Amino acid sequence: MDGVAWGIWGMGAFVAFLFSRSSSIATGTGCVAVCAGALAALAGWGARLTFPPCEVAGFFQLPILVLAVAGAIHSLGYLKGHGEKRAGTYWGFYNITVAAMYGVTLAGSPFQFLVLWELMGLASFALVAFERESKEVMRAAWIYIVACHAGAAFLIAMFFFGGTPTAVFVLGVIGFGLKIGFPLLHVWLPEAHPAAPAPVSALMSGAMIQLGFYGLLTYCTWSLSEYALYGWTLLGLGVIGTFGGMLFALGQTNLKKLLAYSSIENMGVMAIGFGFGFLGSASGNAGMSLFGFAGAFLHLLIHALLKGGLFLGAGSILRAEGTLEMDRMGGLLKRAPFTGWVFAMNAAGLSGLPPFAGFLSEFLIYLAALAGLTAPGHYGVFAMSLAVLIVLALTGGLAASAYVKAVGAVFLGEPRSPEAAEAHEVTASMKWVPGALLILSALLTAGASWVIEYGFPAYCGNTAGREMAVCIAALRYVGVFSGLLILLAAIGLVWRFRLVPRSRRGRVAPTWDCGYRNPSARMEYTGTAFTQPLTDFFAGVLRPRVAEEKPEGDFPRKSSFEEWIEDGGVRFLWQPVFRALAYLAHRIHVLQSGYLHLYILAMVLTLLAMLLWAFLFSAGTEGGF
Amino acid sequence: MANPTVIWLSSFLLSLILAPLLPGIVNKVKAFFAGRRGPNLFQLYFDLAKLLRKEGVFSATAGGFLQVAPPVSLGCLLLAALLLPHGLVRSPLGFGGDAVLFFYLLGMARFITVLGALDTGSSFEGMGASREMQFSALAEGAIFGVIGFIAVFTGRAGFTMLPADGGGEWWSVHAVSLLLAAAAFFVVLMAENCRVPFDDPETHLELTMIHEAMILDYGGPDLALILYGASLKLWMYAMVLMMLVLPWSICGTWLGMGCTLGGVLLTAVVVGAVESSMARYRFLKVPRMLVGALAVALLGIFFRLVFEGGIQ
Amino acid sequence: MMVLIPILLPALMAPVIWFAGRRSSLAARVLLLVTALLHAGGTIALYRWCDAPMEGEYLGVDPLGLWVVSITSLLFLCVSLHAFFWLPMARKYEGGAHGRSLMSEHLFCSILVCFLSTMTLVALSRNFGLLWVAVEATTLASAPLICFHRSAGSLEAMWKYLLICSVGIGLALFGTLMLGVAIQPPVGAEPGLGFTVLGAACNTVNPAWFKAAFIFCFAGYGLKMGLAPFHTWLPDAHSEAPSMVSVLLSGALLNCSFLGIVRVLGVAPASLRSFCNGYLVAFGVLSLVIAAFFIIRQSDYKRMLAYSSVEHMGLLAIFFGLDEEVTGLIHMGVHSLTKMMLFLIAGNILMACGTRSVEKVRGLFERMPRTAWLWAAGMFLICGTPPSPLFVTELLLVQRAGWWLGGTILLLLFAVFCGMSMIVFRMVGGKAAPECAVSRDAERAAEKLAWLPGVLAVLLLGWGSLLIWNFMGRL
Amino acid sequence: MTAWCEAVLAAFLLTDIMLAASSRLLHCIRIVAAQGLLLGILPLVIRSWSEVHPDQIWISLVNIGIKGVALPLLLILAMKQANVRRELEPFVGYSLSVVAVLGLTGISFWVGAQLPPPVEAGVRLAMPVAFSTMLTGLFMVMARRKAITQAIGFLIFENGITLFGTGLMIEYGLVVELGILLDVFVLVFVMGIALFQINQEFEHIDADKLNRLGDWSAPDEEDAEALPTPAEEGR
């Protein structure tokens, strides 16, 4: 079936490219091909499915297929009226990307893997560079493709002269980390995701970057004796990534940038999960291992659904408002209620709040950390568990406020700009797809225990036994409580808006304004202002940039305050490095000075040097005829 | 020996009923320190009854979160209440890691409340929401420090102080670490329930409000739900505190239940005393207090491990 | 005598083209095309010696030479096809527009065919002396082609090319003579510089003399082939020459010069092979470094291509230094084709925009979508992104090179990619800058010319996919 | 017979040094011609007269004809074309040039010492002398400004190579011999044309006017800080 799927995708791409003149044909075939191929692949997936299915790949394939379809349908609305004339390009590369991503999970040999991996990067690069008139987009695309290439270089090194397990792992962590977005290797995410069309960002952030973990699990972590190393490395990276990612997400003003940073955070969470898994197996803590792996794999699926929904929602917002700058939006909830509620629920889910899916995986990882605390282990494991516990808790709080900021700034209050004022609800396809993803995540919440029970990769530790029972029980409990919560909320709402007598249900009045008669949208709290206390508190890490005009004089004329946050990795590591290289290159150009005399001089000196080497330092000159 | 479930159930119902008493007690104590007679002990009950009979008012700006917030947040709180060890009896619905779920449910309540506040588009409520999120985010750290302490202490990840391995009499052994943890949690309690050094529930100046600022726009039944929720939240935190300080040997007895209820009411008195003996901190100082609470909790764990023999 | 056909035929066509072309430029172009076709035919005819090499005293055919001739012939065929359409446009848009006086077409074409014949002679010669004569002849034949547009820049480039290359080739001659001294044919065998003679006697070699000989030959032919630090003439010549000449210079001539080194390696005794390999690898890596640093922040896109040629010649040297001859030869062929594609596109862009500065060319996607697509695609192809054939060859090279060398190569290739991609994206993306367009017609004409590179791109992609498919199982 | 050879070689060295010392172009060209003449004589004196092969004489005559007469005439033509008489302000002063040439000669003798003498003797000193002549030619190219002087330097360099070939009596066979001669002739011819063109394009033949191509732009023109760096571009 996979072959069929690839065939369909390939044909789709081909036809789309062929008929790029007529957007309707290209769009139709492209979209249909994506969906049909996904269905075929899904059939193949189901056929491969044995009980219990012991393959890791399955966990990575489902998100690809789901998000591919979701993104395809969403694109129908998203592209309408924007770059339709390039629909052929879009759909062609979309199909190739999907095919390559699916192929990566099925690659049989390192070489196949490499080729498909590069192809994936290349095709998705073409999608990122879709809006190529804009200089910023091209720059983002450049950063992305460079990151892809660097990763590929490390992978080549890993595959072809890796050597010891440790070397393989280190190279793999760097090579795949560039795709995953481990701290300091993450720079391309906040650049590429805002630049790409929303469905593409959804596909990339929800399914593609996770494939890095697939690579790590499949090709780099095969040596049982090194599990401790794997565990510690992943935990360290995960903790930094989680906290740092969320912290920087907090400071963003561009919605999709915020989401991109939250992807970095979620990848960190997964890393923590896998790290606990490995560390648990290494230190003989079965519970920790199981909870860690289970949490990580669950988070894989959940993050795919929720983040996909959020990015698609962001796409809808972009089409509705025409901007992604949160401080210029506002009041969209009244104009696009459905999109708003769905976005809010997805956001709550990703900040790990019950009754939404996001809580499940975080919960399991908390359990892993607690298992590390309760088991009499050695100090290191204990300390790490404690650190993870605290960091996860803090990050949870930060995530909540970041998403509150996003929802509040985009959907609530009064519009902060004229274009926001005449926003409108989006077309059906863009409207319903995020909702569908939300429903899927709800189903996942209900069925999580079964996913773990049956769909759990066997190699991740003991799939039977006490820990498994605990895990499943906990998941069931959480599921029940989520249901209860929804029930309670429903009851409360029904009581408040149905049972309370109509006379007391509530009338509409202006917002309480503390006596100031005509409040305007400019008095509202902006998103930046909302998170400013936190960004101030963590200024040591974030180093916010500030541009302000203080009010002066007795009758101050104009004054302004602007605060924004630049990526730490770019600002303090990569930018200096690249500058230094550019400068060095600039200096080295002096060699090509244009003076014939110097050229000849260089030649003669080299010649003499060669002779010197040959006759002084290299053996074997003696001997006559 | 009574049936634990009965004890749990009865004390659960009692908590639901008695919760609004706590603010009354607090105010009474403050009045006492201020040398006034102060409001009636059952004032909140009257207020609730009155508010429920009034008509609700919603901001014209609001798009829906404002209306939805009060019932949903109260739902979260009630659900969370189901997880607590009322009367020092492990909740029949409890499970491994229920503590995590408990605090995340409170988090959900806060999330929706804050969104409701932002829904009005009022700058004051935005301000209050922003502060609330900041403080709670930092409080989470301290809270999970305490949860970690419980886990270390009992060897189990849940709302119980019964050690997995039977354990021993510990007020004699672990007094220091328990006190540290309790102290940390008390700070959290004050912060999360908007008590004085962190927030001033009585203030009438919007600029200095946190929680009050968020609910400026509510009235009638909605306000009633919110006020009841606030008192219930205070009650639950007090209950957790009791779980930390009361000796486990009286668990599951009527005595234990009595002690718990008494302890909760006593907590209210202490809160009142503290409130009337301190002034509100500057907002810049609040985060430091919360980080300090986290540090204290970690210190508790450290004591438990090193001096009171956790890790061999 | 069949060997003589591809050599003599173009040489004889030269005067014909000259006289016929004076009447009408069409005749010159047609005759050029005819010559290319005949030469291709002659080359195909040579394949009867593919399995059993034919080794005359002066001329001969062996697989290596045949491969080089085939590449040269194919390139020349494409180029003359391109020239057929390009020359009139050049007169229209490049000559008139800039008030330059272009070289007359019949002269240009006749020199071109002379160039072809000399290159063929290089590939087919079986005697070091003759080889040297041929290589020097290529210099002489190609030098006038560089200043097709008689501009100050092209004249300067031609002068440098002439002088530096002649000096280098002089060194090669010196080395050749030393080779004659180093390898003493056994008594009775008639002396000479034939490959067969020296190859037979290569075990009675004097190491010292041979080393000196190799060094001089390496320096000389390496200079002609553009290995750093002898590459200094290359960017000037390749950027100033009209693109179709740049194609021949960098796609065919460099290979021929490299052939010189390979021939010398052919007569190297096994004991000294490692010594030679050391030099090959060292200078290969040096070329990579230089190319990388000069491609980063390069401000002239044709110079960028020239430096990329330096890079690939370095890779070629490393291939042979690591005894990966076959892969190296594949790499050579692929590089020639890809570089031809790129230079042709660069020529079109130059014709449309009238500038070689990266800064001034913007928004190609808006103005010349086909060209822009091919330009970007070509960049990825030359950088060895799958499905480019270079991906496989470079992968094999890295695998063979091992940790340190392989890592270095990967790093440098990555640096090259960074520099090139940035330049290319700057050119294709962004909003179109109106001031740098010669005229709308010029752009349309350039778009018309884009079909040949398009065909090449498809060809290369197909070849690459095939290669990758073959290696799927093996790696 | 070797005495003659030694004399020729010595003459070569002498001409090199004179070349380095002389500023007048005409003088330099005369030296080139002289070297051509010497090269023509060398094969005839290198072995006893009886052994000289008849067509060797032809080759020598052609050699003298081209290197001793034709090329110098071409150069003089080009010189008149560009009406330059003498090399003004060279990169390296004349006295210093002499020292440099001596140093180069030393180096080439060291290189020669590394190489064992070949069996069929030829002239032992041919190698070092030839190499030093080559280096001198290159030195002229490096140290002088005028394009025409560079051409002269190149011819000297070429002479060095030929000297080596004849000095060690290497058999390249007639074809190659003539091919080489032809090449050199055509080369100088093309150089002459190039000089002519350049002379028209630029106001006077001055090789350091020929340095406009290249990648080096003075740092004050574009400061590295002002360069667009990948991270900040588009900001």
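Order of writing sets the labels: A, B, C and D. Residues in every chain begin at 1.
Note that in this section a residue touches a chain if its C-beta (ideal position, glycine included) is under 8 Å from a C-beta of that chain, and two chains touch if they have at least 3 such contacts.
The model shown is predicted, which means the values in this text are computed figures rather than measured ones.
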Just tell me the minimum hop count from chain B to chain C, counting one hop per pair of touching chains. 2
Of A-B and C-D, the pair with more C-beta contacts is A-B
Which chain has its Cα centroid closest to the overall Cα centroid? A
On a C-alpha centroid basis, what's the spacing between chain B and chain D, in Å? 96
Counting in whole Å, what is the centre-to-centre distance of chain A and chain B, each centre being its mean C-alpha position? 35
Between chain D and chain C, distance of the C-alpha-averaged centres to the nearest whole Å: 28
Report the inter-chain centroid distance for chain A and chain D in whole angstrom, where each centroid is the mean of the CA atoms. 66
Residues of chain C that contact two or more other chains, please. 159-160, 163, 167, 184, 206, 208, 212, 235, 294, 297, 418, 422
Of all residues in chain B, the ones touching two or more other chains: none
Touching at least 2 other chains, the residues of chain A are 135, 139, 142, 146, 582, 586, 589, 591-592, 596, 600, 603, 611, 615, 621, 624-625
Got a list of which chains touch which? A-B, A-C, A-D, C-D
Complex contact set, residues of chain C against chain D: 58, 127, 129-130, 132-133, 136-137, 139-140, 143-144, 147, 150-153, 155-160, 162-163, 166-167, 170, 173-174, 177-178, 180-181, 184, 191-193, 206, 208-209, 212, 235-236, 239-240, 294, 297-299, 303, 418, 422
Which bits of chain A are touching chain D when the two form their complex? 135-136, 139, 142-143, 146, 570-571, 574-575, 578-579, 582-583, 586, 589-597, 600-601, 603-604, 608, 611, 615, 621, 624-625
Name, in rising order, each residue of chain C that touches chain A in their complex. 159-160, 163-164, 167-168, 171, 184, 204, 206-208, 211-212, 215-216, 218-219, 223, 229-230, 232-233, 235, 271-272, 275, 278-279, 290, 293-294, 296-297, 363, 365-366, 380, 385-387, 391, 395, 398-399, 402-403, 406-407, 410-411, 413-415, 417-419, 421-422, 425-426, 428-431, 468, 471-475
Hey, which residues of chain D end up touching chain A in the complex? 91, 107, 111, 114, 116, 118-119, 135, 138, 141-143, 150, 207-208, 210-217, 219, 222, 224-225, 227, 229-234
Contact residues on chain B for chain A in the complex? 53-61, 63-65, 67-68, 70-72, 74-76, 78-79, 82, 93, 95-98, 100-101, 104-105, 107-108, 110-111, 114-115, 118-124, 126-127, 129-131, 133-134, 136-141, 143-145, 147-148, 151-152, 154-157, 164, 206, 216-217, 220-222, 225, 283, 287, 294, 298, 301, 305, 310-312
